[in-house]
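Presented sequentially are two complexes of subunit A, the first with subunit B as partner and the second with subunit C.
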Partner chain A sequence: MNIVVCIKQVPDTPNIRIDRERMTIIRDGVESIINPLDRIALEAALDLKQKEGGKISVLTMGPSQSEEALREALAAGADEAILLTDPGFAGADTLATSKVIASAISRMDPFPDLILCGKQTIDSDTGHVGPQLAEELNLPQVCGVTEIHVEMNALVVKQLSDGFQNTYRVSFPALLTVSQGLNVPRHIPLGDLEQAFLDGRVLRWGLKELDLRPEEVGFSGSATTVVRLYRPPQKRKGEVVSGSSQTLAEHLIAKLVSLSILDEDEAE
Partner chain B sequence: MVLDPKMKQAVIRRTVRKFAEEKLVPAAAEMDEKAEFPARVAEEMAALQYFGLEIPAAYAGAGLDSVSYAIVIEEISKASGAMGLCISVHNSVSAFPVYEFGKESQKQAFLVPMAKGEKIGTFCLTEPNAGSDASSIETTAVRDGDGYILNGSKIFVTNGGVSGLNLIFAITNPSQRGREYSVFVVESEREGLEKGAQEDLMGMRGNPVCPIVLNDCRVPRENLLSEEGQGMRIALSTLDGGRIGIGSQALGIAQACLEASIKYAQERYQFGKRIADFGAIQGFLADMATRIEAARLLILRASSLRDRKMPHSRESAMAKLFASETAVDAARIGLQIHGGYGYSKAYPIERYYRDAKVCEIYEGTSEVQRIVIARSLMNK
Partner chain C sequence: MKTKQNSDPSTQAAASGRGPSLGMGSQGKETPLGVALSGAERRRRETKWVHRALPAGTHWEGVWVFGDYRNYFQNRVTLQLIAKGNQLARKLGADMTVLVLGSQIHQYAMEYTAHGADVVMVVDHPSLKNYQVETYVRVVSQLVQNFKPEIFLAGATAFGREFFPRLAKRLNTGLSADCVALEIDRSKRLLIQTTPAFGGELLADIITPEHRPQMATVHPGVFVERIHDREATARILYPEVDIEAEERVQLIRSRPEQSRKGGLEEADVVIVGGKGLGSKENFQMLFELARLLGGEVGATRPVILSGWTEESRLLGQTGKNVKPKLLITAGTSGAVQYTTGIHGAETIIAINRDPHAPIFKMADLGLVGDAKTVLSLLLEKLRKRL
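Here is the complex of A and B:
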C-alpha cells in the first residue's frame, strides 16, 4: 500500500504572537514541531506499512526550514520526503495550499492508495486542507477517524461525530484525516534522527516542477483573505463565594448540578 | 547541499525532551526517595539508543556528534540528574574508551552490548586512597599465564549496582608504582568481582553508586584495553569527553532550577502581587539565566572542538568547572526564591540542590579543573 502523509510544521507554543500588519502568525524565533495530529497520521501510516507493506511519502508545503519536519518524518520511518516550496506559494489560504498539494500528489506514479492528513493544525485550526485536497483529487474522504483497518481490499474506518460512532467502508484510493486517540506516536531512536539528517533525501518541488501558473497559487490563487486577526478578550469571570464549609459545599454541588457535571442523584 | 546542523540538534533536543518529560520527570522524585534505579525506563532508553550516543552505527550506536551528545545529556539531566549521570558515565567514560582504544574483537565483545544498553558500563578509577590524586591507585593486576589476577578496592562506582561491564584501572608494573597502570574490561559476573551495598548519598540517589572489590579476580588477556601501561593515557583522553558530559549534566540541573523558579515566582503571591514582580526576584532569575546561557556556550565550544578533533582539554575543564558551579549557584538561588516551600520535598528544587553539588566534585573537582586550566595557560 502506497501512502502519502501530508504534514505541516507549526509553532511549538501556546502563546502565538500575531503580526498585525500582515495578519499572519509570527514564526521567527519560535521552535517548530510537526503538527501533533499530522504526527499521528504518520504513525498510522507506519502501522499500515508494517501490516500491508508498501511505501510512505511525506509531503509538506512551506519555506525551506520545513525540511526539518520532513527529516524528522524520515527518521520516524517514512521512505520519501517531498518539500513543496516556492516563493510563489507564499500567502496561500487553505484552498491554494490544497491545490499545490493535489498537484504534487497527482504527479506521483503510481498514484497513492491512501492519503492521510491530521484533522486540523494547532496553529490555524481550520481543518480545511484534508477535505479540499480530497475534492481536488476527486477521492472519497472520511474526516476525523479514530480507527483504521484494512479488510478485503477496502478500508474500514471509525469516526466519532456529534457523539455518534460511525463506521465506514471506503474503497481505495481514499483520503482520511485522523483524530486524537488513533494511536500514540512512538519515540524515535536517536541514531535514526542522525541518519535522517546525514543521508536522508528531501525532494524539492516548486512551480516549475509542478507545472503550475503563479496566479493559481499563493496569495493570488487564494479565495479568502484574512481581514482581521486578533485575540478575543477573555470573558471568563470568577465567582467568589464565602461562608462556612457547609454552605460552600452546598453551593458548589448546586453549581455542578446546574452545569450537568453532576447528576442530581449523585449530588444527593 | 549544506545542512544547518542546528536543525538536527533542535530536533534531537526536542525528541529527548519529550521522552524525558514523559518518562523521567514523573519517575524522578521516587527514584530519589527510594534510591532506586528505574530499570524499565532504562530499557526503553536502550531501545532508543541512549546507551550508544557517540558510538557509530556499525557498533549499534546512534553515531551522534559531541554537540548532540551534550544536548542529550543536558535534557535527560534536566528531568533526572541520576539518569543523566548514568548515561553520561556509561557513554563518555565507559563505552567511549572501549571504542577509542579497544581492538576490533573487544569492540564486538564489549562495545556492541554496551551500545545496545544490554551491559551498562562503569569507570573504576577512584579508590579509598586515590581520588583527585589518581596516580596513587593501589589496585594491582599481576600477570598469570595468559591472563591477569586483579586485587583491590574501587569506591563510588557510578552505575555500579546495575553494571555489566566495568573499566578497572590497575597497576601492572609495581616497580614504577603509580605511573604504569592499565585498564581492564571486567564483566560483573566474573569470579572474584564483588559489588558492595549501594552508597547512601546526599544526591543522585537514583543512581546505584557502590563499591566494587576485586579479590583474586582472574581476567584473560583479551580483557586488557589497549596495551599495558596505557592507563594514564586512556584516563586523560577519556576525561576530556567525560567533563563535557558532567558539564552538560550540571547544565541540565541548572536549567531545571531556572524553570522551576520562573514557574514558582509567577505562582506565588506575597504583599498582594506575584513575587516575580519584585525586583530582587527578577534579578535572581536574570543572573541565573545569564550564567546558564554562558555555561551552555562553553559546553558548545568544548564539544564542537571535540567534533573537529581539535584539542579541548582546557575548554572541557572550563565548561565543567563553570557549569557545575553554575548549577550549585542556580540551586541555591532557586531554593531561596522558593522560600520555605523550597526547603520541603513538595517541590523538586531541594532535589536539584542535592543533585547539583556533586557536579563540583566528581570527574575532577573544581580545584582540579582550575589546575588543568592554569597549567594550560602557562605551558604555552
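Here is the complex of A and C:
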C-alpha cells in the first residue's frame, strides 16, 4: 500500500508574536514541531506499512525551515520526503494550499492508495486541508478517524462524530484525517534523528516542478484574506503572587474559600 | 443512483400547512406556511418574493444556513445561526434561508420557521437520510450555484467541519473555521468572520473579498437562538435538484457514543500536573487532593510520556478539553498543545516556579513557587478537616 502523509510544521510555543504588517505569525527563531495530529497520521501510516507493505511518502508545504519536520518523519520511518516550497506559495489560505498539495500528489506515480492527514493543526486549527484535498483529487473522505483496518481490499474506519460512533467502508484510493486516540506516536531515537538530518533526502518541488501558475497559489490563489490578527480581550484576572510556600498556600486556600470550594471554617 | 426530488405539489401543500400557493419560482415551488401575515410583513415578504422569482444566477444575494436537525433538542447551533443569520440578512436587506436535507423532514421546516427563517428550502429524499459528505456536497453545490446566496453558514459540528470545507472547495470559494463572531461591513457588503487561532490565543478577522458565497462554520453556543414563535411564517421551497448518492463511502453502522457520565470532561474541579512536579510520587499526591476537593486529575503530554499516569488523563490538543469551575494547574509551563484544552475553565489557578512561565498569562491567580510544596500544604489542611 502506498501512503502519502501530509504534515505541517507548527510553532511549539504559547508566546506567539504577531507580524502586524503581514497579518501572520512570526515563525523565525521559534521552536517548531510536527503538528501533533500529523504525528498520529504518520504513525498510522507506519503501522499500515508494517502490516500491508508498501511505501510512505511525507509531504509538507512551507518555507525551507519546514524541511526539519520532513527529516523528523524520515527518522520515524518514512521512505520519501517532499518539500513543497516556493516564494509564490506564501500567504495561502486552505483553498490555495490544497491546490498545491493536490497537484503534488497527482504527480506521484503510482497514485497513492491512501492519503492521511491530521484532523486539524494547533496553529490555524481549520481542519480544511484534508477534505479540500479529497475534493481536489476527487477521492472519498472520512474525517477524524479513531480506527483504521484493511479488509477485503477496502478500508474499514471508525469515526466519532457529533455523539455517534460511525463505521464506514471506504474504497481505495481514499483520504482520511485522523483524530486523537488512534495511536500513540513512537519515540524517535536521537541517533535516527541525527542520521536523518545528516543524510536523509528531501525532494523540493516549487511552482515550476508542479507546473502551477502563480495566480493559482499563495496569496493570489486564496479566497480569504486576514484583515486583522489580535489577542482576544483578556478575561482572566492575571493576579500573580510570589512569596514563601506558606504564603502561597494561604493565597490558594483563600481563593478556594472565595470560590466556595472550601468553607471558611475548614480553612481556619 | 441518480434521481430527482419528487416535487408533487399535493404533498407539499399537505406538509407545509394552510394558505394558497403564492406561485412558482424559477427554481421550484413555494407555499406559505403558518397563519396570516401582518400587512407590512406581507408586503415585505411579497416584495421579496417577486425578487426571488427573477431568473437565478443574476447576482449573489441572501443569507443561507445549513439546517442540521440531528439530535434536535441538544444541538441548538442551527437555531443559533438562524437568529444570527436573520440579523445579518436584515443588515443586507435580504432573506434568510435555511436549507434542510434529509428524508421525512417536514417537521424541521416548521421548527426553523418558528425560529425565524424567511425561507426554508427542503430537499427530501430517501438517499439523504444519512448525513454523507459527498452526497450532500453534490446536492448543496447545485443549489448554491442556482440560487447564489452571498453568505452561507453552518454549525462547526464534526459534520459541519467535514462537509463545509469540501463544499467550499467545489464552489471555489473561501471558508473560515469555527467562527466566534460575525459582522457585516455594510459599505462593502462583506461578512467579517472572526475565528480563533492557536486554541484561542489569537483571533483573526477574515473576509472573502471576491469569491461567493462567503462561507463560515460557527462555534456552537456563541449566538443565542430566538424564542419559538408559532405565529411566525416562512416560505417553503422545494427546489429541483439531481440527487446522486455517494457509493465510495458506505456507512456500515452508526450508534450513539457511550456517554461516560462524570469523568474529567464533566468534573467541577480539575487538578492538572505537569513535569514541574518533579516525580511520579509527587504526581500521585494530586489524586488525593482531587478526591478531597471532589474533582478529577488531568495531565500534560510530557507527564504521559514519562508514564506518571494513563493517557486518558491527557488534556489539550491531542487529549481532552475540560470546562470545570476551578482548574488548578501545577508545574505546567503552558504549552499551547496543553492550554487549548483548558480555555473553558471558569477559574484557573497556576502554580509554577518560573515567574515567566506562559501559564501565568492565562491564570486568574498565579502562585510563583514550588508546586509540590504548596500543594502538600493544602493537602495537610484538607486532611485535618476530616
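Criterion: the second predicted complex is superposed on the first by the 233 of 268 C-alpha atoms of A that agree within 3 Å, B and C clash if a C-alpha of one lies under 4 Å from a C-alpha of the other, contacts with A are read in each partner's own complex, and residues count from 1 in each chain.
Quick note on the criterion: a residue touches a chain if its C-beta (ideal position, glycine included) is under 8 Å from a C-beta of that chain, and two chains touch if they have at least 3 such contacts.
Note that the structure is predicted; figures quoted are calculated from it, not measured.
Asker: Considering only the touch criterion stated at the top, classify A:Asp38 as touching first (subunit B), second (subunit C), both, or neither.
Answerer: Neither partner.
Asker: Given the touch rule stated above, what does A:Asp86 touch, subunit B (first), subunit C (second), both, or neither?
Answerer: Neither: A:Asp86 stays clear of subunit B and subunit C.
Asker: Would you sort A:Asp113 into first (subunit B), second (subunit C), both or neither based on which partner it touches?
Answerer: It touches nothing on subunit B or subunit C.
Asker: Examine A:Glu67 and indicate which partner it touches, taking first as subunit B and second as subunit C; both and neither are also allowed.
Answerer: Only subunit B; A:Glu67 stays clear of subunit C.
Asker: So, does A:Leu193 touch the first partner subunit B, the second partner subunit C, both, or neither?
Answerer: Only subunit B; A:Leu193 stays clear of subunit C.
Asker: Output the subunit A positions appearing in both contact lists, the one against subunit B and the one against subunit C.
Answerer: 12, 187
Asker: Give the list of subunit A residues in touch with subunit B in this complex.
Answerer: Listed in rising order, the residues of subunit A that touch subunit B are 12, 31, 33, 65, 67-68, 71-72, 75, 187-191, 193-195, 197.
Asker: Name, in rising order, each residue of subunit A that touches subunit C in their complex.
Answerer: 11-16, 18, 23, 25, 36-37, 40, 93-95, 98, 122-132, 134-136, 140-144, 156, 159-171, 174, 180, 184, 187, 222-232, 236-246, 248-249, 251-253, 255-256, 259, 261, 266-267
Asker: Show me the residue ranges of subunit C that touch subunit A in the complex, using the header's touch definition.
Answerer: On the subunit C side, the touching residues are 70-71, 74-75, 133-134, 137, 157-159, 161-163, 165-166, 168-170, 172-178, 192, 195-211, 246, 248-257, 259, 269, 293, 301, 305, 311, 317-319, 325-326, 328, 334-337, 339-340, 347-349, 351, 355, 358, 360-370, 373-374, 377-378, 381, 385.
Asker: In the complex of these two chains, what residues of subunit B are touching subunit A?
Answerer: Touching subunit A: residues 3, 7-8, 10-12, 14-16, 18-19, 44, 47-50, 52-53, 57, 61-64, 68, 72 of subunit B.
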